[in-house]
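Right after this note come the structures.
In what follows, chain A forms one complex with chain B and a second complex with chain C.
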Partner chain A sequence: MPSATLLAQSVLSGVFSGALYALMGLGISLAWGLLRVINLAHFAFVFLAGYLVYQCIGVSGWSPTLVVLLALPLFFVAGVALQWLFARFSVDEFGSLLVTFGLTIMIESLIQWIWTADVRRMETPLSTWSVKLGPIYVPVAESILLLVTLAVVVAAWAWLRHTYVGKALRASAQNPVIAAAFGVSHRRLAFLLSGVAAATGALAGVFVAVGSPISPSQMFGSLGVVLAAVILGGLGNPLGLLAASILIGIAEALTMALTAPSWAPLVSFSLLIFILVLRPDRV
Partner chain B sequence: MSMFSIAVRGIRFIALACAVLAGGAALAATSGAPVRVGGTLALTGPLAPTGLIHKLVGEIYLEQVNRRDGFLGRPVEWVLLDDQSKADLARSLYERLVTVDRVDLLIGPYATGGILSAMAVAERHGKLLVHNTLGIPKLAKYERQIPVYSIGVVPEQTLPATLFDALAANGKTPKTVAFVTSKFPSVHFMSVGARETAKKRGITEALWLEFEFGTRDFGPIAARIREANADFLWVGSIGLEGNQLLEALKKLDYAPKNPFFLYPSPGPLAQSPDGANALSMTLFEDHAPFTNTPQAAEFARVYRERAAKAGITYLDADMQAAVAYAAWQTLEAAVTATGSLDDARLAQWLRANRVDTLLGKLRFDGPGNYGDDLQKIKQVQSGRWITVWPREFAPPGARMNLQ
Partner chain C sequence: MPVRPASGPRPPGRVVAAVAVFLALACLPLAQPPAFFESFLYLVFLWVALATSWTILSGYSGYFSFGHGAFFGVGVYTTATLVTAGEMPFLATLPLAGLASLLLGVGIGAVVFRVRRLRGELFALLTLAITFVLATIALNTPIDGGPGVFLSGVSMPRLYATPASTLYLMALLVAALALAIAWQLQYSRVGRALFAIADDEDVAEVMGVPTFSYKLRAIGISAGLAGVAGGMHALFVTYVTVSETFSITVPLYVVLMSVMGGMRRWYGPALGAIVVTALTYAFVGGEWALAGRALIGLTLILVILFLPQGFAGSIGAWRARWQPRAARSGAQLTPHGLSPSEAPATAQAEAAVARPSILSLNPPAAAASSSGALHAAEAPFLRCEAIHMAFKGVKALDGVSLEVHSGEILGLVGPNGSGKSTLVNVISGLLQPTAGQVLLDGEDLALLPAHRAARAGIARTYQIPRPFARLSVLENVALPAMFGGLQLAPAAALERAREALDFVGLLDRAADLPATLNLHQRKFLELARALAIRPRVVLLDEVLAGLTPAEIDSAIAMVRSIRDAGTTILFIEHNMRAVLALTDRLVVLNQGRVIAHGRPADVVREPQVIEAYLGTAAC
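Right, the complex of A and B next:
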């Protein structure tokens, strides 16, 4: 029988994993739900940001704050540029899946060309620093990740829910024609949302670089579970995404703690299938 | 003109003539149509960090062989394709190498899955396949496949035996052992063997955990290892999994006693602050006595230079680099000895003769063409991998550090 400490430690680990899934998935959820763009290149943005963080902080010794402040607008612009391409060539929902998959491969090749296929690790004390609370160890980097994710997700939710831009975005997603009749410019809002989505990807990239060694092909490692969380949480629904991500994270962690860890990957997809059977309208 | 002067001039003339002839012979040595050697490597995908090492080594070897006399006096050309770490793609690409590119010889890809795919193609076309890291010898059924990865016929028994012997010889026979293993086929195969060996030696199994290749969150696994708190930790890992597990353990403020990592990415583990004293297996490391021969020393020197230029973070030529080099050495030895590019003759010669390589004198006459088990135990010491067992392969003064 596993001890209470083991279970508590595992649940905590699951919450942190879920937080990373949510931060990685937020941009995808927003773009898919509100722009009908399935942006697989978001994973490439996350890892590109991770490599830039590794290069600027880990190799060149820049200030982490400066790097984050530079990365966010940079990726915002990249997101806007991507949306401009979609608009320019009238890429539809299914087309966006194919185009962004191709773009992901291109960015993976670019990363490999610059940093090679060799593994990179940003050595920072933050990576393995923990604080002991009773019998439980709380990793500091993951705690920051959780706080940042909560802040970003709640901010995204509040932005969509309570601001004119957010309401306009949701209206445009529901019915672009009627929204346009009320003066909503879908095109401009799409640029804004795409930029914000890419910036959240850059933020996720910071934590990917801090949290583990990186290599180019790893960008596909989280693809399945993050997409499962995005669908489970409801497209364009930040709070739903957060809840789904943490649910998946905890379920995986408890599976690893209580049974064979090799069963863990089945959890997210079993949950996804279960929910889609019950609620096929979620996609 | 004195007789002495004439004699000197005569000697000079003969020397000059010899030099011209030798130079001409050297030029002629790499003339003619190139011998085309085809192969794939995982240049992208999850196995790419190791594929990169194999590519670098292949390029070094080709430069060296073409500076000598190539294969049979002809320059050697490497037709290298990217199998993207996918065994199914490797199969298609080897088919292409044989039927479309019509290469003269084949050399294997990196990793068990890709090698098995390439082997099926080689068998269909009757081609020789010299390959480097097939981790499950019992799957090698084709008579013209030549495994340079000298891990013996039953590595799942012999490697754990070597490891537990090393621990025992240092007075650290564990009473309990925790096994944590990836389900990556060649890794899992070895871990199952290690589990059996431990059982036979009366070592209590404190934990047996299997995880999927590609697992991201090692937190719960680390918590279970911590709770088991065994005397010895066997980590059946490949690539970065070892690093990820060690970091997860560090977050729990737990340093495992004497952790062994099966197939780690050498650089990240050696250079990690958490990797100190980690154990693993090897066939070659960049230190004496492996580098005692001029060829090995030169290889290690050139590799270090090229690895730095290529942006590889760990510059020592380790087992993977040496195995890749040994594969090319094996191919060259067979071609030179037989004076032929005929696959049947080459395979026959290799199965009947020993080949001198960086890994030692290899033989290919056992079951599945496997020869001796040359595996050794290495350990991270001061940020480098150092062979520590058997003792005769350790550099002067090196000792195995165990808790």
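Right, the complex of A and C next:
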């Protein structure tokens, strides 16, 4: 049995990885819940952003602020373009899954072609800096990630709940015909939401690059965990997503501490299976 | 021109051609082609087998699986374990590999197919998750343990002189097996049932398809074939690893190949497999391999956007366009029906099918009973006993009891929300009541699945017609004839369906898709589907709603002629003119209870009926 310190350290690292899952999953949850689009390419966006950050900051030495300010609008446009494609060809929910699957493969190939399949690591002062709180080490980069995730998730929740755009989007998701009859222009709102979703993906990409070594194969590794969190949290529900993500992150971290790291995928995928079989109404 | 006899679905010429192609390919190694050619063809056949097996589940029944890697991987590791640790001869492991995957598939299905919501993208995600779970287990247990399994010391069976030729022949056999099964299924009752499930599972069940067991069969066959292919592939790669075996590649490729080729035709996935394998093979090595992978991703996108029916769909549409108009006027089937050469009935053939007398629609005994003076003396043969139905505390039915007498038209009326449609759903088996019995000839159907009600002779129509969208009008009617009370073979069911369509006046639309019918015609299509099983009792759920006055008159005449032919009818309707014109007795529901019953003219005068149903202003 590992010591209490080790377990506490595990729980903390679980909270941090849960925060990353939530940030990665937010765009998927919003698009799936409100636009009925299952965007697997969101993972590709996250990793593409991660590699761009690695290239611009880690290799070329640009200012991190500049890179983030450039990346967010860039990926916003990519999200809008994707939604335009779905609208233009009136792709249904399942078609969107296949199309974005194809897109993911293409972006993955592109990443492998430019940056190879090898693991890349970005050295920043942040990556090794941690603060000691009692017996526990608190890494600074991950703490920033947690704060950013909290801010983004709460902002998304408030946006959907209290603004016209959010209410109109939720109305359209429930009944597009009636919403349209009340003057909601779903098309424009969908472009906006898809763009915002992609931008949150780019933000997640920044932390993917800063926090740990990055390789193209991780793209599919995170897919199961994040989708499990998205479904468990309830589609289009940012707060639920955050709670589910942190729960899964802690469960994974404890599994790693108590057994072996290679057992970790079992947790999230088994959880996903159980949710789907026992509570399919959540989706 | 003679009508095609109701015989086997396939013209013998095609079987001969298929066998000839197979034999020619099997003899190919005798010509001593270069080894790379054989291994290229090996890969083609492997992917043909995998894509075809995927389509048997996902294309036919619409249950889209991303878990084919799991079935394939279980086959790979079953063979790898048995030939190394178990020291079994390789060929003996192949059936076991298939069996292991089949059991996995049926096990998954037995759990998942009970959950109605788990379709479409949720089923896809679930199966993908299962793949990753299995991969994790294999990686962390002695099945693999991490370093992978070497099969290099395993002795190769000697079907041909060289290993490459032997593997080629095995792959050919597996691919041929998969194609033969897919072909056989497509034209059999099972295939029809699966296509119907893909379009509307609830309706298929109500028409008599035991959907649960058919889905289990589909996933079992699909998984078993993938397992055999996996076992074979273990020997081809000789070094088996978890990351390669359970990778995203297998589900990606089979989905791509099947979607590209066309998933609702047996040969579609094979076409896709040939194209994709050739494309990948052309790009082997280094950077080009990446370009090939990107190209495959792009192809998937383009196919979904521009060719949603796949190559086979385009071929089918092209063939339909070029067939002479005369040959299509009869009962041309959509490609998922009988093979095209079976279907064409010319105008003369149509005339040769004697317009069936109305009486022929029903069993002689029932027909005879209708000629009797009145039905009141008949013993009730369908009885609802104290049926309660609660939805999360809301009582939709609160102790409803009623009797339907043989040969009568029993009217069931009541305000909106009074529980009429719920009662129809309970009697047809779609809903299982919280309490109470549905007795047909003394047998309680209440808790049995809906297909048992259809087999017992209960047919229903839907208030809003729910035809199978991708089956032709004729096939829509043939399906209940195959699975309802009559349990006909496919060819006989088509004959029966033509009779039923002729009866409702839709025979000239037999070849069309339901989307081309207007509401009036769709309601009659619903009627034809109900009549096709020679029902003992038909539940007509608001067949008149939404029709024009002229259409209502023709529908009333139609209902009357159905009854005159001896079929008992439970007639749910708001249109009081029709109710008074048609019904022998009337039952009034309000708030889930029977508030009145008796002769229609008397019932509509009872004060509580006027208050509940007609409102206070009515008089």
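As a working rule, the second predicted complex is superposed on the first by the 275 of 283 C-alpha atoms of A that agree within 3 Å, B and C clash if a C-alpha of one lies under 4 Å from a C-alpha of the other, contacts with A are read in each partner's own complex, and residues count from 1 in each chain.
Just so we're on the same page, a residue touches a chain if its C-beta (ideal position, glycine included) is under 8 Å from a C-beta of that chain, and two chains touch if they have at least 3 such contacts.
On a predicted model such as this, the values are computed, not experimentally measured, just so you know.
With both complexes brought onto chain A, simultaneous placement of chain B and chain C is prevented by a clash.
Shared-chain residue A:213: touches chain B; no touch with chain C.
In the superposition on chain A, A:131 makes contact with neither chain B nor chain C. By the document's definition of touching, neither partner reaches A:158: not chain B, not chain C.
In the superposition on chain A, A:4 contacts neither chain B nor chain C. In the superposition on chain A, A:99 contacts chain C only, with no contact to chain B.
Residue contacts after overlaying the shared chain place A:256 against chain B, while chain C stays out of touching range.
Of the two partner chains placed by superposition, only chain C is touched by A:110; chain B is not.
Legend: residue contacts after superposition of the two complexes on their common chain; A:120 is shown touching chain B, with no touch to chain C.
Residue contacts after overlaying the shared chain place A:38 against chain C, while chain B stays out of touching range. Clashing C-alpha atoms with chain C after superposition occur in a single stretch of chain B, namely 117-125 (options considered: 117-125, 153-161 or 315-323).
Residue overlap on chain A between the chain B contacts of one complex and the chain C contacts of the other covers 108-109, 112, 260, 262, 265. By the touch criterion given at the top, residues 64, 111-112, 115, 117-118, 120-122, 124-126, 128-130, 132-133, 135-137, 139-140, 146, 248, 252, 255-256, 259, 287, 290-291, 293-294, 296-301, 304-305, 308 of chain C touch chain A in their complex. Looking at the complex, you find that chain A touches chain C at residues 38, 85, 89, 91, 93-95, 97-99, 101-106, 108-110, 112-113, 220, 224, 227-228, 231, 260, 262-263, 265-266, 269-270, 272-273, 276-277, 280-281, 283.
Touching chain B in their complex are the following residues of chain A: 2-3, 5-6, 9-10, 12-14, 16-17, 108-109, 112, 115-121, 123, 127-130, 132, 137, 139, 212-213, 215-218, 221-222, 249, 252-254, 256-257, 260-262, 264-265. Here chain B touches chain A in the complex through residues 43-46, 48-49, 51-52, 85, 183, 209-212, 214-217, 219-221, 223-224, 227, 239-240, 243-244, 247, 250-253, 265, 267-268, 271-274, 310-313, going by the rule given at the top.
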